[in-house]
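Encoded as structure tokens, the structure appears first; notes follow it.
Per-chain residue numbering starts at 1, and chain names A, B and C are given in the order in which the chains are listed.
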């Protein structure tokens, strides 16, 4: 296979692992062309509606298959009608015997937890069992809403961002930031499967986003609260952040549901190129689960917040390209990102994720 | 001459031949700057309104001469007033003796058949007799209308496109495409001067574009028809496509005028860079010749159709740049393009067109 | 310091000299990120409102400091709150001991004559005494108005432009151009500190811009006038152009104030990259000094005029990049630019300006 050389020369991401490729909505009406880990793919629904991914290159004349359409579970090239099945085998072409036609490379795909996942490396080695279990995605006790951003920066800068929430005080001063965040001590620990950075703030006032959440949970928005943030990184590039506020003195993170508003900030970070990535963000929550209007309100709030990150991250990337040889500081607050990158590097070196 | 090196290192087009440079309308009010076969030119009308082309570079300070204006048949630089004649000789400059000034390179130009033609190679070798005769452009029995697109792809991808109309079934499904096209056998033959790909479909229903043409020709649009397509490639990169429908059983391509609607799809394809070209498209027809409203209707129809090609071709080009080493298939339907490219390669090797 | 290599390999500008960096308005509300002589800087007001400039790169994680804010005279990084003082020393960061943090490079800055000036080279060598004295900027007898353009061309093409006003006849035909300009002889002289190109036109009619100025000065706009232009280049890249018209026969340039409308076209030209610069333009005038509406009218007129230059210069730059090896002519009218460039080259060679 003569894929893109970029990632082969100097790999910056593991490829034998599951990444979020897209949401079901993105392939509802037509095939989707998307580059993941340097591989240009077309993602579509094959027979019985099962999601599939192929190299986005028609073996006939090189047109993007993503400009075509799906007919009876097969992908039809929109240029001259060559048809491939969901494993990339050429199934037919008007007036042609296609037996000797080369196949389009296929990528392993599974659909789970409301997302389409792709394994950009060796399709034969793809193992659905290696996908993390996401309890919130399967339980009626949780509600989920989210969105998508394309961001022009190395996906690891986003991991750094999410594993050090100190930045909330500065980047998100008007929504979730508050002075107590960068004053509270941060602790980072890692084991075989995850890196966790945690921060606890006791006896603080809730910032605007959390005031809204308290209202949504039927709690007084003006109350003094205990606030927590636990950022959990796992391979290849997922960051699940447990966040919440509890009425002061009820146990904080461990408080009973009735005394807190808590949720998980969900971040699936899928590399596109060396300097860009796909960012699937959202929030899974345990309060106001049956309130779709609240889901919309939260989505709007997150959209605004992550837009602020987007600007900062793209400008940081531009600056790093301007000064490519400058070494950055690795402070205690950066430990979450630093250790996450170490876990990524080990996975790349091992050829597995 | 220190022109662009791109085309000299690895020529992808013949240069000692005539290409359409522009339409008369494009130089009616002011000089036109345009790159043709990698050569940046200014095209304007010199003495007696004769079209001329020079390198678009003022010998004084390098300003584009195309930003200037024409005064008494001479081109005046819009920066400091240096004046060149239509052969590139510096004719004057306020307060300066210009005898020793270097000339601007000139390109041979002729105006014929409603177009301005340029010879991007050796101007001294330019021979107007080498321009093809276009009977339809000189006869009152034909009407013509057309337009222009700038397309970001190798000009040879457009030749491929036009020499294999199988794509109409897919790219132009809503206008000229129909299932019978890719089911009908295609035949390609070549001689010293042209490559011809032909396809005949008998006893079919006319698709929307041809229903409109049947109406324009005073024939019943619902009639069963015989349809034909003869794609004629000639050097350097012209594709004239004889197309038409005749009432079934009247002889098809050879049917009398009263029983058919026929026309020539006119395609002049002028390389700009390695990955872009100028596309002059139009239709010469023998029906409804005195109906300018029909000319407009056809132009609008072609504009929509060729816009669909534009999108596909630019995405195909992007894909080929993504996978530069991938080899494409050469099927029987591709024979027209393959043999046209062989004719181009022979012309480049011979140094003539 | 590992700044940008571009200017170090092949310097095209002096760095140990003062350039206009911005206007006070540009840093009134927030820090400004700007590249000057290839150096990316953040410009802001430190303690007591004094302007300062630092490398626009946070020592922590490389975010642009220009996305941050000023708090008590210190610049706070907008990502994680690292704080630098106006000399680039890290002053603090929440929860961190910053004693060993590397400093951000600082650039010397002074504020004078209504502009913020920066010395892009060695800050320790910066000498405020080396800034030119601008009498018009300090006197109540003068009024000033101006604006800013970002122009995508080598700053020296702008110097050429301003040191040869022959182009006014062509580029500015509808405002300040007139046939007599390129017919009048031009004279260039140079000494240790400046290059001066002068042109005098006697007994002419005022073009539209100067008719407006005559009205503003309370003089008859239809009068026959003597007109003058003295273009004064001084290092590193300032061009002050004394321009005016006097009622015919009153002494021209030396006429008494009551018989003339005169002004200085002010041009501060600050290199950004090899192919772009910051252009601070304006007009200092001695007529209608107390008329702010006239200042606005003149600013609008200059805006239109310099927009015409912008288009020509950017197209000239594109053409020079297209033909990088082509040599340009150096005519008598070009002597002002040629000698200015020689003065620049000597300053670069000497390492001083």
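One rule holds in what follows: a contact is a pair of C-beta atoms (placed from the backbone, for glycine too) under 8 Å apart; a residue touches a chain by one contact, two chains touch by 3 or more.
All of these numbers come straight from a predicted model, not from anything done at the bench.
In a homomeric contact, the two copies may use the same or different surfaces; for chain A and chain C, under half of the interface residue numbers are shared, pointing to different surfaces. Per the C-alpha superposition, chain A sits rotated 120 degrees relative to chain B, a value rounded to a multiple of 5. Separating the centre of chain A from that of chain C, both taken as means of CA atoms, is a distance of 47 Å. For chain C, residues touching at least two other chains: there are none. Against chain B, the residues of chain C that register as touching in their complex are 160, 164, 166-167, 169-171, 182-183, 185-186, 311-312, 315-316, 318-320, 322-323, 325-326, 328-329, 331-334.
Against chain C, in their complex, chain B makes its touches with residues 2, 4, 40, 56-57, 59-64, 67-68, 76-81, 93-96, 101.
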